[in-house]
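Please see the structure below; I have some questions.
Here the chain labels run A, B, C, D and E in written order, and each chain numbers its own residues starting at 1.
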Amino acid sequence: MELPSLSEEEWTAIRLSLKVASVAVLASLPLGVLVAYLLARKRFWGHALLNGIVHLPLILPPVVTGYLLLIAFGRRGFIGSFLESTFGLILSFRWTGAALACAVMGFPLMVRSIRLSIEAVDLKLEEAARTLGASPVMVFLTVTLPLMLPGVIAGLVLAFAKAMGEFGATITFVSNIPGETQTLSAAIYTFTQVPGGDAGALRLTVISIIISMAALLLSEALARRVGNRIEAE
Amino acid sequence: MELPSLSEEEWTAIRLSLKVASVAVLASLPLGVLVAYLLARKRFWGHALLNGIVHLPLILPPVVTGYLLLIAFGRRGFIGSFLESTFGLILSFRWTGAALACAVMGFPLMVRSIRLSIEAVDLKLEEAARTLGASPVMVFLTVTLPLMLPGVIAGLVLAFAKAMGEFGATITFVSNIPGETQTLSAAIYTFTQVPGGDAGALRLTVISIIISMAALLLSEALARRVGNRIEAE
Amino acid sequence: MTFAVEIRHSQGDFRIEADFASEGGVTALFGRSGSGKTSVLRIVGGLVRPDHGRILVGDQVLLDTSKGICLPPHRRGLGYVFQEPRLFPHLSVRQNLNYGQWFARSRSSFADPDRIIGMLGLEALLPRRPGSLSGGEKQRVAIGRALLASPRILLMDEPLSALDEARKAEILPYIERLRDDLNLPILYVSHSVGEVARLADRVVAMADGRVTGIGNASEILGIQTIATGRESGSVLEGLVRLQDEDPDLAAIALRGCRLLVPRGDLHEGQKLRVHIPAREVLLATSKPQGISALNVLKGEIRAMTGSDGGAVDIALLCGEEVLRARITGLSAKRMDLMVGQSIHAIIKTVALDPPGRAR
Amino acid sequence: MTFAVEIRHSQGDFRIEADFASEGGVTALFGRSGSGKTSVLRIVGGLVRPDHGRILVGDQVLLDTSKGICLPPHRRGLGYVFQEPRLFPHLSVRQNLNYGQWFARSRSSFADPDRIIGMLGLEALLPRRPGSLSGGEKQRVAIGRALLASPRILLMDEPLSALDEARKAEILPYIERLRDDLNLPILYVSHSVGEVARLADRVVAMADGRVTGIGNASEILGIQTIATGRESGSVLEGLVRLQDEDPDLAAIALRGCRLLVPRGDLHEGQKLRVHIPAREVLLATSKPQGISALNVLKGEIRAMTGSDGGAVDIALLCGEEVLRARITGLSAKRMDLMVGQSIHAIIKTVALDPPGRAR
Amino acid sequence: AEKIIVFAAASMKTALDAANAVYVRKSGHQVTASYAASSALAKQIEAGAPADVFISADLDWMDYLAKKNLIKPDSRKNLLGNRIVLVAPKDKAKPVDIKAGFDLSALVGDGKLAMGAVNSVPAGKYGKAALEKLGAWSAVAPKVAGAENVRAALLLVSRGEAPYGIVYQTDAAADPDVSIVGTFPPDSHPAIIYPVAQVADARSAAASDYLKFLSSDEASGFFTAQGFSILK
């Protein structure tokens, strides 16, 4: 298919989407691994609560999530104003806010995948590592983490794909400002809202699919390499 | 928290949401398991394509997914008209259509979870089952399936939660007909669109959260039982 | 039932070329770690399809790559005891044991659950899950699971390695009965010369993926000193003759001589095989008197070979049987032994393994 | 280094009560499958925290539940060879071997990679991943990994069970050197009487989670006929005296008698222990002549007990050493043996295991 | 040059983009438009969004902000008007005389009447009001399929899922697959008004200049081309 030439604004949306999705996914990864580890391995007071909170963005209509983000992380929101006064970090109506929204929406998907993988790691191998002198942290880094990589990759892909498709929470939280918060899917949405926008929507949709498919293929190749290494113990 | 009394229409939306989410999740489960199995275990021409298609609903803005569903499964749609003339099955403007939309939106989440679990099943156990006389199908039913249950449960929960929160594709595909296609999250969305609707939206959101949390707790308990059974081989 | 295997296969850098056949009974695969024993078993079991190969059991073709025949594992009527237990973690011990029965077309008479569970000492474990079993317990469940599948061929990969002597002593006679009474072909991998000598009708020695020797237990275990180390010896076969003199003993009539063995549950006329490790045979130039060994066989030295460690391997002809002895070089020198010399071989009766029954 | 273990622990229905101490060297846990050997090892290794317990190595407290002390496994300075290999599937064989070195505070002199890799025959496997290794290869890598972690205590759970005799013969002397030269306390689980007799300074017999006997190898392996089946025998200790008569032989000076053994790499004055299985001792009423056994010891019958299978166990006093012999009831009757009678014990020299060095 | 940020109802995109392009060329200022649902935009302004100008698709959300003093009252103006029309798929289109007592329910038959969700989407609200006024509502109410927005309702008709729909004239005109079969009388429903106002803490000095441009004839051309009516 030949792509009709894209407008400057559309290129901007593509670049922005890539940036937002990548940052969202990578920045939430450490927390995702931590939360997944806690949920998989620890029994603590508040386990169910944490689990519930992680799933919230999935359960709530995205618009509601967006409103909650707006209330909490907006300039006048309690977290938002704290972040601004303390770190000078402004999320509202910035691409960073879009990344936050995407990260939040993708978080349950990421955590679930990672958690499943952690649960599949053989505790006997961790025991063996302990007896060889590895502290719990080193066991995690040298045994658990490498063995759960397939789940981490799956989680990254799901979250990335979700970030590419997400607009409900994003547009509600940080609006739809070209060059700053207008991601590809927000642009697509905008096109669907006006008469005759179908062609534009289709064009951008195809681009979105191409990007995500590339990410998907990459992840499969990666997972296969990791898998090959571990295969058939 | 005391719940203010709900209107008849809201009760209907709750019942409908439960029905739609349950049917969506359960009906898509067999296909989800099949696709996950193919993706995890088989190398075939079109592997990447199938994988891509499964992820599409995540990548596309929900509105676009809704449009695509309408075009394919609407009365005039090529699949929709076939279903109607062959099985008398009508999806458009019916709760069944809402279930389809929810199933489609939750499908990538379900497939990923199940796939991860299949990949974690030890092939050596399947070999052992083969040598004991079990055909490939019986091996799947008696060994692989029980061992991948944690992933199936995780997949069900994710898809159910998504079904509770999904409205973008649903409302675009089957519109918002009280008692037929107006799910809880569509009702919540409606509230958010009118000034002063916040209280109503909050009320329904709380209910949605309660339902999903119950499903979540149930699934955790289930997974723990299954896990206990398998634990520490 | 006869048994023929012909395999060419490469996995990674490792190449397997194995041809062997057997008249039935127990065929032992014997060889050092990494010599390809498990690989052969996996191919016979249908878990790996070799590059080229042909496998026959009786007149049934399990595999013939040249004709494109490759029976899937579940149609081969297998009982496979893997080198590691491979129990199903989601099933109880009882369900693990029953697993094969769910699919067996018919239940063999030997696959009697109570009997096998008793023999393996699994009664108390039945409701448990495999996760918390001890290593030996797991291995016993794995053996029971394979036997209860009513197999037509038995593949056993070091099945007794994690078990104590007492338990082994209970299981070995059972395997002998499978071999003898049921005519079940058994492919058996073991590092224990004792087990192999006792069970095997045919020993296939392997090294580096290749067969380096095929023969009966006596030939291979006697000759293959490299493979067997200090365990070289003789394997003799004869008929049981009960003794009136002592009810605890029985004689085995060999060709031209006889051996006294503990009676056990032997019965008159039964065919029987015994393994006599070469290092357990003493030689005396004159017939010793007042000695606690019941077996003193008169014979003639047929061959003498110096062996490592200053030991000398000696082959004796007693009647028509060849007996191997290993003594120190110093003794040989002192006694001034020579080929052709007549000599007495002294064998302590109880030094014999309780003998298995030959077919 | 001394070693003291005191454990009370319940897991499911199974209760462990184990108290034992050792002056150091190899402590063997010996007992039937399911008797609790692995459970004890896991507790000593810190993988399970017992309900009550106290574990001392030298003067270091690894565990003292009454004081709330429980050193985590990675601080115990362990080398743990598990009953199953437990190799890291994502690491190459080389990385598996090196794993412990990444964390070791200091590298022991014995943890020389080239040496250990050579001894275990792992050179060709180094770049491979564990997935495709054979059973024995995996076990060897697991042993190497534990040794290379420069442990201060070694816990070994049936480390040699999947290995062939030749490989065992290469590894055993190495373990002996760890015991002797490095004073490394070793807790060793094995079903092989030969291994235990050869290695163990102290044998702890277990049954049903309880310690049923503690003593040196001779006491336990000699007495515990139930545990050891046909392997009962004597374990004797003495000093090596080289022989001029034959360079292949050495004598072991015992209390009041001496034994000839293959010289191997023994040296003059060395302390040494040998295991003589009771079934390999012949008795003669008069001194036999022209016999291939080098060892004919004069002694006196001190005790006779009927044993199962019509065999008779006899304890002899040779000099000041007690030697056990097992002969058939028929022989005992024929020879008219009685307590107090003077007698000759015949032991084939090469029937002895190559003896390990005692500390 | 100044930078102006406009928060505008999503349905205005086509016309407003065109108008903005002209303004940018003429004034040298930079205009950025963020299109979303009026509800979201209003809430965002409430949360401190950096908007200078707000164009709502109905009066309610402008009133919402006005009540909270978040717009400059004297800058508020009713910019555009619109009409609602009855549409049918092109191939089945027959003119309908929309008047008091017309039997829409019979026309719809056992199909659905597609329109914006009657409680939330402005076009739905107007449609419901009109049908009530004309006495057609109670009969047709059970057959209403409420879409998330007008475009979705229009799609239902153009795909033939629904035999009739009520949408804005601006949307209907642009869809080749549907025909307008009747226009609702202006007095049958509250006036359809797109109000515009300067946000209270607008940062851009050019905001009022921009508002003036929107009311100019030059801008009007783009709006009328899209089917809006200009309110003076």
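Definition applied: contacts are C-beta pairs under 8 Å (C-beta built on N, C-alpha and C of every residue); 3 or more make two chains touch, one makes a residue touch a chain.
Keep in mind that what you see is a predicted model, and the values were worked out from it rather than measured.
Considering every other chain in turn, the ones in contact with both chain A and chain B prove to be E.
Between chain A and chain C, the least number of touching-chain steps is 2.
Compared with chain C, the chain whose C-alpha mean position is the greatest distance off is E. Each chain's centre was taken as the mean of its CA atoms, and the one lying most distant from chain B is D. Centroids of chain D and chain E (each the mean of its C-alpha atoms) stand 90 Å apart.
With centres taken as mean Cα positions, chain D sits 57 Å from chain A. Per-chain Cα centroids separate chain C from chain D by 26 Å. Chain B and chain D have centres, each the mean of its CA atoms, that are 60 Å apart. Of all residues in chain C, those touching 2 or more other chains are 84, 132, listed in ascending order. Counting partners per residue, chain A has 63, 67, 189, 192, 232 as the residues that reach two or more other chains. Touching two or more other chains at once is no residue of chain E.
Every pair of chains that touch is listed here: A-B, A-D, A-E, B-C, B-E, C-D.
Only residues 63, 66-67, 70-71, 74-77, 92-93, 168, 171-172, 175-177, 181-182, 189-195, 197 of chain B touch chain E when the two sit together in their complex. For chain B in complex with chain A, the residues that touch the partner chain are 48, 51-52, 55-64, 67, 108-109, 112-113, 115-117, 119-120, 123, 150-151, 154, 157-158, 161-162, 164-168, 185, 188-189, 192, 201, 205, 208-209, 212-213, 216-217, 220, 227, 232. Within the complex formed with chain D, the chain C residues making contact are 11-12, 31-34, 38-39, 83-84, 128, 132-137, 139-140, 157-158, 161-167, 169, 191, 193, 226-231, 245-246, 248-249, 260, 262-264, 279-280, 282-286, 288-294, 309-311, 325-333, 335, 346, 348-351.
For chain E in complex with chain B, the residues that touch the partner chain are 37, 39, 42, 60-61, 63-64, 112, 114, 117, 119-121, 144-148, 152-153, 155-156, 159-161. On the side of chain B, the complex with chain C involves touching residues 124-125, 127-136, 138-139, 142-143, 146-147, 229-233.
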